[in-house]
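One chain, subunit A, links the two complexes that follow: it is found with subunit B in the first and with subunit C in the second.
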Partner chain A sequence: MNPVRMLLLGTLLQVKQQSRSPLEITISLLVPLVQATLAVYLFKAGTNPPALLLAAVGAGMMGVWSSVLFGSGAAIQNQRFQGTLEILMITPMRPAFKILPITLATGLVGLYSVVATLLWGVLLLGVPPSFAAPLWFVVAAPVCVLALGAFGLLLASTFVLLRNANAIVNPLGYPVWLLSGMLVPVTALPGWTGPIAAVLPTTWGARALRAAVTGGPVWPALALCVGEALIALVLGAIALHFVDRRARVTATLALT
Partner chain B sequence: MAGELAIEAVGLRRTYRTRTGWLRPRRGSVDAVRGVDFAVARGELFGLLGPNGAGKTTTIKMLNTLLTPTGGTARVMGLDVVRDTRAVRRRIGYVFGGDRGLYERLSALDNLRYFAELYGVPAREQRARIGALLDAVDLTGREHERVEGYSRGMRQRLHIARGLLHEPDVLFLDEPSIGVDPVAARELRAMIAELSASGTTVLLTTHYMAEAEELCDRIAVIAAGRLAALGTADELKHAAAGRRVLSVEAYGVTDAHLAHLDALSGVRDATVEVSGQQQTLRIQTDAHVDVQPAVLRELAGVRLGRVETRAPTLEDAYVAIVNSTRAEAAA
Partner chain C sequence: MRTLRLLTVGGVIAYRALFNWTTPAMFVGTLLVSPVFQLLFFVYLGRTLHVGDDLGYLVGNAVLSAALACVYGGTMAVANERRYGTLGPLLLSPLRRAAVFGGRALPYAVNGVLISAFTLTVGALLLRIPIGVRSLPGLALAICVGALSCSFFGLTLGSIGLRFRDVWLVSNVADAVLLLVSGVNVAPAALPPVLRAAGALLPLRHAATAAREAAGGAPLARLVPPLGAELGLAAGYALLAIGLLALFERGSRRHATLDVL
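== the complex of A and B ==
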């Protein structure tokens, strides 16, 4: 077996499966528009061009995070409904290989939302596309998306184990948006949030993208984002190993 | 000899913990399987027959590593299902009936390619093996279509192809013919028979007695979480030996009637089957007593159709076995 080939094919097929749902298509067309509009009008007060672009980028990142958070929960719940969660878990591969493609796919579906939010912002709302480091942006955006997908693996272990984990994890959406400075700079937040923000790969991803828009070194934040994602990947794989055993005791892979 | 066995279950039990209510959850438990022992030889086609809720799916899921038993042990191809999980998973296939278990928005080919990877089928063998399986399940030419447009029968065939990708030693089939039309069901049975002939061990669960009788080398009848009988179809028929069956078409028989009939001397078992307006009473009696007059007296006032006495069939034997187990479990 070739693990890279398996992950690539798995991710590709999960993207296909996820992006073909009519609901998914509608949401991914509309949500970025709403986000871009909100962000731009919120920040119109600031009026300087980088702030506008920053707002659009931040809104896009929020889209990726929502996609990973709600998406991996929904995707795993869907697989439970479809009966494919059991079929997936009964294969002889390590559990991380079965679940990572699902969360990477949610990240990639979310990448679309970065692009769409930017396009809406530039084309419809007249945000000037003045990137300080456009090439870095093109590199950093997909890297962030993959990193968030990897972080999703850690979240996913709870979705596999608990049938109603959506209810527990969904409220994480807004705090993480705020804490990671996707919309508001972290410096504008109270001091106690700092350590929490520092352990979230979303914080560093957002910072890397900010740097690509406004100038300054992109790679340190990007490296931290990737590093944290790798740690999340390892922790997620370990968690899934136990979840795989635990779910067979609690009987939560199936609907009933 | 242990080496000759494909499946061994010893004292297998499973209790589900349940929770109902949210604010003040009420906890309970369901004893789905209550100590089941059986062994399946390599190459055997073994049937697990029982009514809905008997514990067939729970038993299969303990054997195929999806559920941990709460008691007892199980081995598949000599490997312990709890300790050697991954090794067991490599050697088994799992197919269940109904619409679920496939990626709906992917094509059949994508479904098969994905699982070929997940089962570690070597890349250079994948194309040939998928092609051969598509042929075998008669889906060649339709493999690029999305599964959501497939009929029940086509889905079931694709599900089977997916379960066979890694050429498993043991195939678990959980009610594969559920909801499949009669013609497709016959094709399905032919496919299962062929698989078994080619040497694959098959454990099939069903609640259709005729399906079990036609296909299985041996049948275990499971009811209320316990094995009620185990043997060939002919052996099981003995459960109803020494009995006669009085069959009565009726309209308007109540549970109270049924209880009175059950209490008549010479009556071993009374059940009712409903189809539309019409009920069919099936009253099993000891062969030497004639209960017909007593039965008709009990049913005075109920509109009756045809009344006949006949020798018991395998289905009567099955009903007798299941009902006696239920009565024991309730006592």
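== the complex of A and C ==
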């Protein structure tokens, strides 16, 4: 099968599957709405707050990261539970092409969060939809989401090696939200966090979306987000190749 | 004596069997590290927006951190019986449901207290926020009452697991809603009346208020009204949980849906 066709069809199938899960929909829709409400009221309570739209956009990005983090963490584990991992892995295609649709789908399902928090903020919380560069926002949001989905491949390949992947996944939400500047500007954090933030594609994705809202060049941050995601994609593909070979040699593919 | 044994020993056995996060990695990662990061997130957000003060966020989020163990734990305490196929034998036993399920909330309350104390200590050390020794009794009391109340709230959510399949959906939403309406991160006055009212009826709002007053140096006598309100909520949720468990048990026997997943 053509790899591009497999990626597209696989991603579509996974988006459909994840969109039918009440738990996925809750995490992608309801939880970000609660977070957006919290962020908007906090911003309103503040003295000299930044643009309220940043609260809604930031909460949406938080939802995307949650979706990618939990989705990628469970990407391979879920296939094991469903009994489809062996069938998937014996498909004559590179391992990355089989798992990437799952992680891309987690990002795309996370896109619900961005749309939902924006609509929620504008329609119900009185957030003025004042984008400095609306067209750039329309371009940047899906690009960031896909970039995070690609980054998810590295997460998935790392988590598959760990017995207790959830123990890593669960505490990784808040630190990435904080370090990436989704609601708190990176400049407000201690200086030593800067290099850590710089290697996260979420930082550049959030920065690109902030620039689209408040003004400033969007493309440099967006390019860095995509660049880092591509590096993560290559690293994830290499890691998955070795994980796949090791699991075949030791006959541990289906073992939890 | 038998009831006491059911409450304590039965509760601990159920905790060990049904709580999914008892492995060291999960316990540390999910229940200890995650609340500390949550605390840091809101402290820095508060600083950026100039809302509240560090001590208020520290103490409030420490109380709120109990919710993680109590809400999800309470859910697991009931829902996992069905998941592991042990719900049928449990409900066939002639034991009093109030003692069987009531005891299940207690280990999670203790867990919640430990998590709150850990979050408070680590948060205070990381952010270098001094807490007066005289504030400690009041803080300890507020944390204990908050964890108890939240634990019975978790059991109430867990009882829904006897009737509905996607109980994790309920606990995920409940955890997020507590973050919004508990008054820990957004002052109740800044919220619309509906959310303010919801916060007053959900656990932790009053405990967080008491904890903040205690941290501010208020005497124990001033903590009585909020802690009394929180204890009232704890009793209310305990009764509601037992009532819902009885109701859903009868319903699931009548419709033969006990083990339907």
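Here is the rule we go by: the second predicted complex is superposed on the first by the 235 of 256 C-alpha atoms of A that agree within 3 Å, B and C clash if a C-alpha of one lies under 4 Å from a C-alpha of the other, contacts with A are read in each partner's own complex, and residues count from 1 in each chain.
Assume a contact is a pair of C-beta atoms (placed from the backbone, for glycine too) under 8 Å apart; a residue touches a chain by one contact, two chains touch by 3 or more.
The structure displayed is predicted, hence computed values, not measured ones.
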{"item": "Which superposed partner A:Ala156 touches (first subunit B, second subunit C, both, neither)", "value": "neither"}
{"item": "Which of subunit B and subunit C A:Cys144 touches, first, second, both or neither", "value": "neither"}
{"item": "First (subunit B), second (subunit C), both or neither touched by A:Leu23", "value": "second"}
{"item": "Partner chain(s) touched by A:Met89 [first = subunit B, second = subunit C, both, neither]", "value": "first"}
{"item": "First, second, both or neither for A:Arg248, with subunit B first and subunit C second", "value": "first"}
{"item": "Touched partner set for A:Val64, first subunit B, second subunit C, both or neither", "value": "neither"}
{"item": "Which of subunit B and subunit C A:Asn2 touches, first, second, both or neither", "value": "first"}
{"item": "Which of subunit B and subunit C A:Ala206 touches, first, second, both or neither", "value": "neither"}
{"item": "Which superposed partner A:Val34 touches (first subunit B, second subunit C, both, neither)", "value": "second"}
{"item": "Subunit C-contacting residues of subunit A that also contact subunit B", "value": "none"}
{"item": "Residue numbers on subunit A that touch subunit C, as the complex places them", "value": "22-23, 26-27, 30-31, 34-35, 37-38, 41-49, 163-164, 166-168, 170-171, 173-175, 177-178, 183-185, 188-189"}
{"item": "Sites on subunit A touched by subunit B in the complex", "value": "1-2, 5-6, 9-10, 13, 16-17, 20-21, 81-84, 86-93, 97-98, 245, 248-251, 253-254"}
{"item": "In the complex, subunit C residues that touch subunit A", "value": "23, 25-26, 28-30, 33-34, 37-38, 40-41, 44-51, 166, 168-169, 172-173, 176-177, 179-180, 185-187, 190-191, 195"}
{"item": "Of all residues in subunit B, those that touch subunit A in their complex", "value": "16-17, 64-68, 86-87, 89-90, 94, 96, 98, 100-106, 110, 113-115, 117-120, 123, 162"}
